[in-house]
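Below are structures written as structure tokens.
Shared between the two complexes below is chain A, which pairs with chain B and chain C, respectively.
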Partner chain A sequence: MQDSTIENKDSVKTDVIDEAVERGLERLTPERIAGVINQVLAKETGARFKTYIDTCMRCGLCADACSFFLSNDRDPKFSPAAKVKQTLTEMLEKRGNVSKDFLKNMVRIAHTECNVCKRCSMYCPFGIDIAYMMLTVRRICHKLEITPLYIQDTVNSHSATMNQMWVKEDEWIDTLQWQEEDAREEFEDLRIPLDKDGADIMYSVIAPEPKFQAGLIYQTAVIMHAAGVNWTMPSNPGWDNSNMAMFTGDFEISGRLAKAHYEAAADLHVNRIVMGECGHAFRSVYDVGNRWAGWRMPPIELVHAIDFFHELLTTGRIKVKEKYKKSVTLHDPCNVSRGRGLHDKAREVVNLLCDNFIEMTPNKEHNFCCGAGGGVINCGPPYKTTRMINNRVKKEQLEQTGAEVLIAPCHNCHSGLEDITHHYGVDMEIKFFGDIIYEVMEKTIYQGGV
Partner chain B sequence: MNAFIDFITGPMVWISFLIFFAGVFIRVFRLAQEANSKEKFMFSYFSWKYSLRSIFAWLVPFLPASTRQSPVFWGISYLFHLLLFMVPIFLLSHIVLLEESLGWSWISLNDSIADVLTVLVILALVFFAVRRLNVPEVKFLTRSSDYLFILIVALPFLTGFLAYHQFFFYRTMVIIHILTGELMLILIPFTRFFHMFLAPISRAYTGSEFGNVRQARDW
Partner chain C sequence: MNDKNANGRNAWDWQTEKKQIPVKEWESQFNWVEEPHVSPDGEQVASIVNSDEAEFSICVNGDVWEDTFEKAWSLKFSPDGRLAVLAANDEEWTVCIDGTEWESRFDYIWGMTFSSDGSYLGAAIQQDGEYGVVVNDEPWESLYENMNHFTLSEQGGSAAVVQVSSMSQGDIDGFAGGLFSLAVNGEPMPQTFMNIWDPAFDSQGKHLAFTIRKNRSDYSIFQVDTAWDQTFQSAWKPAFIENDTSLVAPVRTGGKWYLYKNARPFWSNVYEQLWQIAVHQEKKSIAAIVSDSYGKWTVSQDDRPWTNHADQMITDLSFSEQGDTLCALFKTNGAWTVVANDKPWDLGADKLWKPAMDATGEIVAARFEKQGRYHLAVNGRVAPGDYDMLFDPEISPDGTKILIKSITGGIYSRQVLSVDGLI
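== the complex of A and B ==
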């Protein structure tokens, strides 16, 4: 089954039918196509874009950085520079006069064959940011209204509800109260404090947590309670830190989301924001959305879960009862390793929690993306088969570790890695740091000075 | 004929340098101007510390992971770029010409060493061309202009080599040598040769973003 999929990979890829893309293409006229392309390329890009286009010496060194290129048996079409050649270079040369077939390929390349992981910037001698180039292509797709269906639906949800999963306000509050009630079985006075003004920490999550992974909120509540943290969660929009709009080129929505998130924290007068184990959400509020909203750096200190757990464990707020016994390996999520240099802290956290840590290589800043990142998994079921073909390198990397448990401190990575282990039959359990901490921690309340 | 040679070894050298410097200045100036008008935020992320950190990391042979992954290409590429500047600048006959006209001089390379180094430059260019023809991912990206660039760089070295050894058509070789040398200088600001100036700039910005914001290495 697996082999036949790979043999027919070209036909699998061209056969993908995405309704939103098909319908979007039907609506387009040659004038609109050229108009949008030229507007974005002339008005929305500048010196940076020109420099990248003019500096590339077409040396091909970026190819070896790309997991898509490696997973497709070094097919030259998948090198990062080749993706620019097949999209932007042609649009520039034809002054936007491109066909609908071209656009269809362009959507596939920019949305499903690049994780915008920035690994190639580290292999290009000139540091050309091809992720930025692909996001510019996605911006064009967005303005042409040919964004893949599933990820566009997510953006629609962001736009209407300010969270990515159409979670209604009462559902959100109800879920938190339900988790609070359940967690009281372990600690009778445990609270998930909603809208607590002046708390030290605002904790934020992505919408899939209340939607179908409420247990993660439960675990966090137990950890926060045991660590004696003065924390809160907002009941109003702004609680969701996720952002698919930044991956579809819908920068306006993307900026609104980051703004809502920081405003929620500002309204609560907290000292800092701690966010759950998610990578793209971190990129959104730390590196992307904040810029659109006009903040050079986060206006309120933003702490990723890895950093926060490191703090709790090293300051003794959380004590380990007995270290985790199974052999574990760590997947470095791009957006917090290459995106924030948290890989060394992540290793310290692993070693504080587990007895048997096996490194995955390449790792740290040089990790391979889980294959789901950059909105690729969010393009949904139509592209699942091709995504699995494109993720072969990650599967090989996982297998080589031989570990029983894979720690992935990122939601997107989790979903992507689960798809990989199921598809390729890799026998590996995937966990968050939160899962392991919850399992190995002393369930007593920290009594030290605050 | 002598008047022509006088022209290409006299005023034309000045004209070439003038076009080169003016071209470089105008392009860098316009780039900075455009960045300032449309992407001003870039200056707020720019950091000398992380720019230089990144540039130096990439100047150290085989420090970046990429260079260790493709050691043959990188070994040749480092050497080629070094020699591309070193050989013409420290060539005795160039220094003699300069001393005769302007009175400037500096240490020179031994002629037989320079001869070997010239051959190395030509071989490196042959390697680049062969690589473009044979490595699929490079071939896919290659355009005919890439071969033209290789030829333009190769010509002054090749004709210089032939003229030095006076194998044949000495005078013609010297003339082509001078003309192609000047052509290369003139073309730098207007072609992909400009990566000579753009590469450190884009490396610096990526280095700044990685160092300043992402707190990670970019090599």
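== the complex of A and C ==
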């Protein structure tokens, strides 16, 4: 482990220049600012919002739950309640008549100093959902068109292409065929079945997989083939389950994405959707985008990769040739642990795969966010230095495990944790469950019938 | 509406009781055999087959096409019974129909689509990093740096959302200024928008309508040659009605969904959600999938919601040819069923496909899967027998017979049964 004294070499920057925010602020008039704020607060919120605002008594119990507060030497302004006070409370008190400097500060707080991870809600005696409050602030930012540049560009991609990385339609299909061809080195009859009508499972991923990490699709194809799964992937838009619009308050695009995802599955007549190792994407189609569209719950059964791998391993569809030897620890992605309760199953999967599991503290639903979640990492390079400072508590948590390998079953977490290990010099390899399964599995085809 | 006679249904063999083809045998002849596809008349069953590394062909009724391909995917029968596949050799892609390749070659091709009579085949193409459409081997003359939402009219017209101006990475102001237009038969409309979705042709293939986003918060509808003045919180795919002179579209305002006609409120009911419009021009009837209370779904026909609801999902809303029957697939508690004219069947299906209907709508037949076995249901009754796999049923033009195409025990069967014997 590296000397942790390097952690304080930077200080949190409050004067970050984000072109999109700056240009957006220039265009605003006092009337527009007040109009949008009052419209969102009066027309788009309801009893829940009012109850939260009226109930919070600033007890401070949420503060110790927040990794930003802890990472910034317990600076009170980073406590969740203070973030609400610095944003929503002031907008309410001033009836929307706030300055551009206030808005700039608000963008920074809502978009980069809160992971909307919901950890604080677990410690609030009233269960106030601060994430909902911060997402309401982001909704105001969206309507005022002062969303940070990088994440707005991602949402633009979502809206134009139905995927978050401007992956063109042919690039998606070509990538699948390329991975299929490569994976035939291992199983000569392996397929990534495209548009297979009536398959049991539609497998969906987030756009960084075809864009940068096509090897993950290869690994999944090998796992699916060995497990004898009747699966397919759609060639049409709807294959990307990610949703940054959910985090910018662009609920309309968020709902449109969830609709495309479920329609792709319905068109293929699958029984269920299995999604890759991504947390925010799960939240998007399980909890957020679907509900905006009018589906109280997912209209087609939705299974996160943790759940699916658990099923494959416990039913013997995937057999472990030899358990993974390096010491491993597990990061619990907020959206599938606090959001879905998959933390116990995740541990069962770890223990089925690995010999030496070292628990992280705190863990399970109490685990800290990776620091990248909630769209924070997607706000991009202008905020990276500050993000690293805000991730100090996570870095300490990782170091304390002494594990060689960190399993993070979520793309956002992966990226954020890689930034932490690089920035702080933590000597820890980061892997997905899929990486480990691919490494330890027997490369034989399950014969137990479909 | 499909012209079923144009698809040759009258000329089909509706007399033979059973024809069989042993498809399982193919597996011993090839490295692998991909999922089978069956022609509408049931006379042909075909699969992509692999014989060697990068050596694919098509096996039809046990006979293999002469040509082999390094790559092949998207095998489909057209409605008029032609067999088409997207195939590549030497990294050049084309369409191969019944064993004959198109002359055009592309760097990539996908999204193969047929007009409902099968006479037009269109697909999206990429050539030298630019995008366009090809219809019946005639590619667009102009190509674009990005393209989505390709659609094909019944008359062979093509349209797609195209990016008409370049944008540097992260240029969100450029994006907001409107980079996208709709190209019709390759030529872009003069109007550009921040987003364009869901282009829809009228029934004559002369006019188009689509959903637009004017800025981050304002959505609207583009009708023929102009955008509606009104803006909305969101909008879904519009549909032409009344012999294509009018347009209806679902729009969201004040957090609720409305059906608008020609930019004015049309239906008086307000919905939690409203999408997937079905229109019967002659009957002047409009239907849509709606949520009339949050999390509860039903069908609204001419603004009258059905009494039956689904708590999960409704799909495949469609009218019979003469417009007397309106069908949809309802999913509740994980089980699918058909609901026809607000009357639910008792299927409890795990998977269910869009029903076939005769012209009058009196005969409705659907295939479904339950606990891993396929079944046929006709007018709500489950027909005797089950199958390893069942393909879409076809109803004879006179409505007296049903063509059943199935695979069981590795044998493909084409069987014509009397409707009377099934209901």
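Going forward, the second predicted complex is superposed on the first by the 438 of 450 C-alpha atoms of A that agree within 3 Å, B and C clash if a C-alpha of one lies under 4 Å from a C-alpha of the other, contacts with A are read in each partner's own complex, and residues count from 1 in each chain.
Everything that follows uses one rule, which is that a residue touches a chain if its C-beta (ideal position, glycine included) is under 8 Å from a C-beta of that chain, and two chains touch if they have at least 3 such contacts.
Computed from a predicted structure; not experimentally measured.
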Now for A:S159: first (chain B), second (chain C), both, or neither, which partner does it touch?
-> second
First, second, both or neither for A:K196, with chain B first and chain C second = second
Contacts of A:K321 with chain B and chain C, given as first, second, both or neither | neither
Is A:R95 touching the first partner chain B, the second partner chain C, both, or neither of them?
-> neither
Tell me which partner A:E169 touches in the superposition: chain B (first), chain C (second), both or neither.
-> second
Touched partner set for A:K443, first chain B, second chain C, both or neither | neither
Chain B versus chain C as contact partner of A:E301, first or second or both or neither = second
Between chain B (first) and chain C (second), which, if any, makes contact with A:E145: first, second, both or neither?
-> second
Residue by residue on chain A, keep only those touching chain B in one complex and chain C in the other, then list them.
-> 296-297
Residues of chain A touching chain B in the complex | 46-48, 50-52, 54-55, 57-61, 63-65, 69, 74, 76-77, 79, 81-82, 85, 121-129, 286-287, 291, 296-297, 337-341, 343, 362, 365-366
Can you list the residues on chain C that touch chain A in the complex?
-> 31-32, 34-35, 50, 53, 71, 73-74, 107-108, 110-111, 124, 126, 131, 146-148, 163, 169-170, 172-173, 175-176, 180, 194-195, 197, 213, 215-217, 219, 233-234, 252, 255, 272-273, 275, 291, 294-295, 297, 311-313, 315, 331, 334, 350-353, 369, 372, 389
Contacting residues of chain A [partner chain C, same complex] | 20, 23, 43-44, 142-143, 145, 149-150, 152-153, 156, 159-162, 168-170, 173-174, 177, 184, 188-189, 191, 193-198, 235-237, 250, 252, 255-256, 259, 262, 266, 269-271, 293-297, 299-301, 450
Mind pulling up the chain B residues that touch chain A in the complex?
-> 31-32, 34-35, 37-39, 41-42, 44-45, 54, 58, 64-66, 69-70, 73, 135-143, 146, 192, 194-195, 198-199, 201-203, 205-207, 209-210, 213-219
